[in-house]
Every structure is written in C-alpha cells, then in structure tokens.
C-alpha cells in the first residue's frame, strides 16, 4: 500500500465523517422544523420555523463559532487554548473602558481591543514556544489571569452600557438580509479555511500536530507556526468580544464564561482530533451548527419548555453527541487494525 | 325510558356542553422567574405564588437559572415568548441585561411584571417592590447602629459585586453613615457569590483580619447563616454580632444560640402571592397605571405608588418572635 | 535536590508567603481561622490526591467537579432520608466509583482521549443533576453536621482523615507495586505493557479511584454545612488541576507526587485569606492565582531549558 493511497483513504473517511455530520444536522433541523414550529396560544406563529428564530441561531452561533474557528488551527497542532473565553471577557471590558473612560471613538477602541486580543494570544504563544511549556497548563493559567484582570479592572462591579446605536447595529440588527455579525463571521471563517486548507502554512500545522519532531527535522519553522495560531486565536477572541458586546449591549467581567468548553466541543464534534494532525474547518462549522440548532431547537418544543429542561437537555444531548462522535471516529481505526491483522495472518 | 339511562344521557349532554366551554376559557398562563431557582428565598416566593395560582385558577410556570446568570434569564424569557404565555414576572439579575428580551415580549402583547429586583421601567408595567432600597438600607444600618452603640468597625457581606440591588443598598448606606453615624467605620465589603460556604470563609477571614470588628452584616440571604456559622466556629459569639437579610428557618438555630442578633426580611411568601395576584389582575385589565391600590386575595389590599406595588415594611425577626414564622 | 526541585520550590514559595504574612499581618496566624481554612480545604485535598494520580498516569479528568456535585446531592438525599453516616459515606464512595468507572471504560476500554471524554461526562452529569434537582437545596438533619460530633472534634476528624489519605497515597505511590505501575504507565504506556503491566487496567482503576475519592470528599464537604447546594463543586476541576500542576506534577505524565499537590493546594488556598488580611480588594484574587500558576510553569520551563537545553 503506497503512502498516497493511505492518505486518500484518510481523506475519504474525513469526507464521510463530514457528510455524516451534515446528515445529522439536516435530520435535526427537519425534526425541529416539524415539532418546534407552531401557532402558539396567543395566535402568533412562533418557534423553530420562523425566520427570526433562524436568524437568532445564526446570531448566537457567531461568538461560539468564532472561538471554534480560533481553536481549530490550535488543536490541529495538538495544542489547546483554554483561555479564549476569559480573553473574550477581558477584551469586552477593555473595549468598554477604552470607549467610555478613555474617551476614544468606537473604531479606535475596537482596533485597540483587537491589538489587545492579539497580545493576549501572544502571551500564550510566548510561554508555549519560547519556554516550551505544555499549552494546557499555560492556557489554564491565562484562563485565570485574563478573567482575573477583567474583574480587577471593573472591580467586578462596573458594567459598560449605553453604547451608541451605530455600534449595537453590529450585534442586534440586519444588514443585506442577514444578521450584521454574520458579515463579520463569514470572512473570518473563509480566512481560517484558506489558512488551514489552502496554504503551505496550513499543511505545516497538521505536520506539527502529527509530530513536532518530524516537522522540525523537515525544516519547518515549528515555533513560528505554533506562535501564529495562538496569536490568531487571541485576535479572533477579540473579534468575538466585540460581537458579544454589541449583541448584549453591555460589557461585563463575566462575558464569555464557559465558552471555551462549547468551542472545544464544537471543534471535536466537527471531527478534529484532539491529538492534532487531523481535522477540517468545514467540520468545525458543521459542529457549531449542530450544537446551535440542537440548543435552539429544544427551546422551541413546548414540552421541553414546560419541563424547565431546555438548557439541561441541550447540554446532556451535546455531551452524548460528543461521545458518540468520538466512538464513531475510532471505528475506522479499529477496522483498519483488524484488516491489518487479517492481512498479516 | 329507563331513568338511569336518561340520567346518563343528561350527564353526557352536560359534559358535552362543558368541553367547548373549557376550551374557550383557557386558563391564564403566568410565569415566574427567580434569580436562581434553587435559592431558598425564591423557593418560598414560589410557595406563595403556587398558593395564589391555585386560588385564582391559573397555570403557573416557575423557571430560572440554576445560578445567578443574566444571559440565561434572557433565554428563558425567549422560551416563554415562544410558548405565548400571558404574563411574565421576573426578578431581574441585571437591569439592562434582561430588558431587551422583555421589550420583545411586550411587543407581542405579553404583559410584564418585575418583582424583587427591577428591570428598566419601560419594559414592565409594574414592579412589585418588597421594600424601597432606602428602607432596607436604613433599616439594616439603624439596627447595626443600635447594636454597636453607634461606633466601631463593621463589615458587609454581599451577594456579588455586580448585583444591581445590592449596589444600590450600599449607596444608601454610605449616605446614612456619613449623615448620622460618623463614628461607625465600614472596613470591608466582600462578595459571597450567593453561596453560604463562601460567605463563611469570607466572614472568618474578615474577623481575623479586623480584630476590632464589632458586627458583620450580610445583605444577601445565604450570607447571614454563613456569617453566623463563622462567628460560632471562631468562638466569638456575642463579641462579633451578626445581622442581615435572611429567611427565618435558615437562621432560627443561630438566633436562639445568640450568635445572630436579628434577621430582617419581608414576608417572601407574600411577595410571591402578591406578584401572581398582580399578574392576574394585569392580564384581566383590572389594574392600570394610576391605580392606587390592589386587592390580593386573602392578603387584603396593598398600596400602589406610581408603578410600584408596595409589599409593606420589612420585618425584623429576633429571639422573641422568630419561632412564629415558618418559611 | 534536582529530582524534587518542584516540590521543594513550591514549599519554599509557600514558606515565603507565610513569612510575609507573619511580618505584614501577624493576625493571619490565629489558630482558629487557620483550622477553619484547612477544614474547608480538606475535601479539596482528597480530590487533589486523586487528580495527581490521574495526571501522573498521563490522563486528565475534567468531570471531577460534576462527580463531586452528584455525590454530594446523593449523599445529602440519603442522609435526609435518615441513613446513618456509616452507610452514607460508603454509598457516596460507591456512586463516585461508578461514575469514575464510566470514564475509565471510555478512556481505557475504547481508548478515547480522556480530555474529551471527561469534558462530555462533565456536561452530562452537571446538566443531568440540574434536570433532576432543578437547583433545589437539600436540607440535612442536625445529626449529620460534623459527624454528629462536637464542632472542634468534627473539624479535627476531617483534617485528620484528609491527611491520612494523603499519607496513604504518598507512601503507596513509592512503596507499593500498584503505585509504581501508575508512574510506569504515565511515562510510557507501551513500554509498561511490554514490561508486563496491564496498562489499560491501571488506567481504568485510576479513574475508579478518582471517582471514589470524589465521593468521599463530597461527604466530607456536606458534613460542614446544614444544606447541600447543587452548584457545589462547579469549578472544582480547574482548582484541583491547578493545585496539582503548581505542585510539580507534569502534565505529560510520569512525574510528580501527592506531596507536591498538597503544597500547591495550600499555596493557592492561602491567596484569598491573605488578601483579606493585607486589606487588598477581593477582585484581585483570580489574577494572583493565575499569576501563581504561570510562575510555577515558567520556573519549571526555565529550569528544564537550563539543565537540558530544551526538553524535546
């Protein structure tokens, strides 16, 4: 069996996994469209099938989606970034402070926030590449640090509100038919897709994920590439912070708490291996969509609402889906081991 | 015809006529959202609300975040909009955070009432006000001053540093301190995250850091038993006095042991009861802005001031009276 | 010296903080508040012992906080039904063991990555608990508090129990074959397998042990309070992982011990009361804890760089 055959085999499996995920998504969508769309007791046409709800799903998935996009290249290199949710919180606070207390205009404050996000990612990158520390521990530390700074800046008490309508437009209105933030999300998604799938850098990320030593011997600038993904992750977290602030109309120190876990779940559900080297941006996007549709869809089923179970059931089902996806992802490996044994025997 | 068959027929006809009547007269659907649904304070609100719902024949849905979380409150309001309920009542975790969702509810003709903690005034018809912030702040501070003899150090344990109503109470206390009790010194304000354990460790640390501390004041309900437990464990019963907001049942033990001097609270069951009564009256167009009073079933009449429905004065529970209350 | 560099340096850091407190705020050292502090941290120490084993075996368990909550609520419900504590503790430990076994089966049996498996079980357990319990507190009968002992005796019992468990694991990891297997599996699972160690079984048992300890810790926690809150234990996983890592257990497996985890836990637990005594505002707490974690790993990184000129 030649190497190229082997690789195209992997590619097929990847394709198959993504197709499967797409099928799950479609089934999910149709299920909720059927059972979650009603004319309610006030005579209003409500639920999953309304355009409003569909746009809401899009709106809500933009922030988690951005973080998941940020995490995909990171996880491809066999790294992890637990600090994205905290960095989102810190960036939201910085933006609010720069605008209100610093007296800057919205665009300037936003630009500085993006720089701050990249710097936050740079801190992770520096510790991980210069000192060769494990990403899990570094980002666990910055997870505490960034959130702590957000609380320290606001004394845990200040909430920045009363942003101008022109800024809230980004998070709460529509532009050219779609929720405004989608127009920010789509180019980021396209850029990350291009980076991962369309450039030599993207290929090197996967090589690093498979084996950093091998990549180094092959002459790849491993440290530079790894640093890049963490800086990018911080930058995207800052973009998510702006969208989050615009959607809720407020910046508070607890913004984005727990988002890192949702984002990691989406990436892994999307078929990216937590050990690195294997995965795709398309899968991540499908993973984000599957989780968002599940969460929003459950909340449109009257039975679920009356049982006070929307939040709980969506959490449990997402967890179960994740375990199922994991088990499914090792099936080809088990099968190929069996086949190899048979051939050997 | 056999009389028993005739009777059966009559019953059937009667039942048949009832069915469409029942369908047409669908029960009002009222919802109630606490800040956190496990909190004993809100569970006793729910007890009162359930009672009112039974008496008035309406359906009551009670749901909220498991921890105090403004974003989750929004999601639940969205769900209720989908269900098309008649009235939404909310204890808002964060004024601004909840208001967008409530505005959307109002646009669809759903009536909104806030209780316990208000949202922005334009997104709700009435606020069932358990006590004015000034009343609570002054009440607690005056009680503290009485116990401390008007001088010395004291510390405050709050829920979270971000909670709107707590910040407002603190503001009023600062004013009162400067005006009336210049010899009293507030040495620290510590958050307890609405958790008894955290309140206890904060209280322990406060006592050892401030040896001259004369009094601990908890302005959230889990904080009061937490502070009392800390004082008891430190063996400082009587030396450091404890007062605060709290439910009688949670604090009885400490009040009888002399650890906690007094607990202040309104009747939370009545708060829940009154909120549901107001919601039903609003749904049936029985109260409008400008009304000066509302009748709430067994509890009698309550005053309305502007768009605030007033529950009445907070009550001080102490050794003499605490056993008379069970909530 | 070199071998125990991390354990020693964490202990020195802890000593320096305590020394600083002795100079700046001697009030910190009153016996009663300190006893309260260690009593409250006693259950965390028990969980940290389990987490140290998990990480030494090159796995991770993010679901401990949820396991802790489920065990707390179950133990509370049983106690409220009048079960004596002598039965409640083993029952909670058994429930914990069962939850740990679920993780262990998925990780060791199906060879799935533990970080993702326990991420999923964390969410499933937490949300399942919320669904069933709807956030309601469980009220405990008076007899449960402090094991029905007096306050002081109860506190000493808890601290003693936690230290006893620490001692057992500290010794067992060095002197018992099973303890060495954990190091072997964490260092190189394949080599361990070739050496005749059943690596997957060891991994499975470590997860079961983690669950059991979470169950025991949960009962050690509920006796401290007349009520059990379902939110108890949320965030515990990160606190414990941080303590273990600050204490010198390598996330890449095979290195570290429970003594270091103990020192790491004490170091992080001191931050909050120390801030109060120094009259620094509460909102600096998380920043300082984050900085301690980063300092600990940076120190490690610098040392390894110096000694080996880079790890890999």
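Chains: A, B and C, in written order; residue numbering restarts at 1 for each.
Basically, contacts are C-beta pairs under 8 Å (C-beta built on N, C-alpha and C of every residue); 3 or more make two chains touch, one makes a residue touch a chain.
No experiment lies behind these values; they were computed from the predicted model shown.
Q: Which one of the chains is farthest from chain A, going by Cα centres?
A: Between chain A and the rest, the longest centre separation is with B.
Q: Going by the touch criterion at the top, tell me which pair is linked by more C-beta contacts: B-C or A-C.
A: Answer by contact count: A-C.
Q: Using mean C-alpha positions as chain centres, tell me how far chain B is from chain C in Å, no decimals.
A: 36
Q: So the centre of each chain is just the mean of its C-alpha atoms; given that, what is the distance between chain A and chain C in Å?
A: Roughly 29 Å, centre to centre.
Q: Going by the contact rule already set, what residues in chain C reach two or more other chains?
A: 130, 134, 282-283
Q: Check each residue of chain A and list the ones that touch at least two other chains.
A: 155-156, 308, 311
Q: Which positions in chain B touch two or more other chains at once?
A: In chain B, residues 37, 161, 191 touch at least two other chains, as defined above.
Q: Where on chain B does chain A make contact in their complex?
A: So the residues of chain B in touch with chain A come to 26, 29, 37, 61-63, 70-72, 75-76, 78-84, 94, 96-97, 100, 108-110, 160-162, 167, 191.
Q: Which positions of chain B touch chain C when the two form their complex?
A: So the residues of chain B touching chain C come out as 36-40, 43, 64, 66-67, 161, 188, 190-191, 195-197, 200-202, 204-209, 211, 225, 229-230, 232-235, 250, 253.
Q: Where on chain A is chain C touching in the complex?
A: That would be residues 80, 127, 131-134, 136-138, 140-149, 151-152, 154-156, 212-213, 261, 264-265, 268, 274-275, 308-309, 311-313, 315-316, 318-320, 322-323, 326-327, 330 of chain A.
Q: Which positions of chain C touch chain B when the two form their complex?
A: 25, 27-28, 30, 32-33, 36-37, 40, 130, 133-137, 151, 155, 224-227, 229-232, 234, 272-273, 276-277, 279, 282-283
Q: Could you please specify the touching residues of chain A with respect to chain B in the complex?
A: 40-44, 46-47, 56, 155-157, 159, 161, 172, 248-250, 252-254, 299-300, 302, 305-306, 308, 310-311
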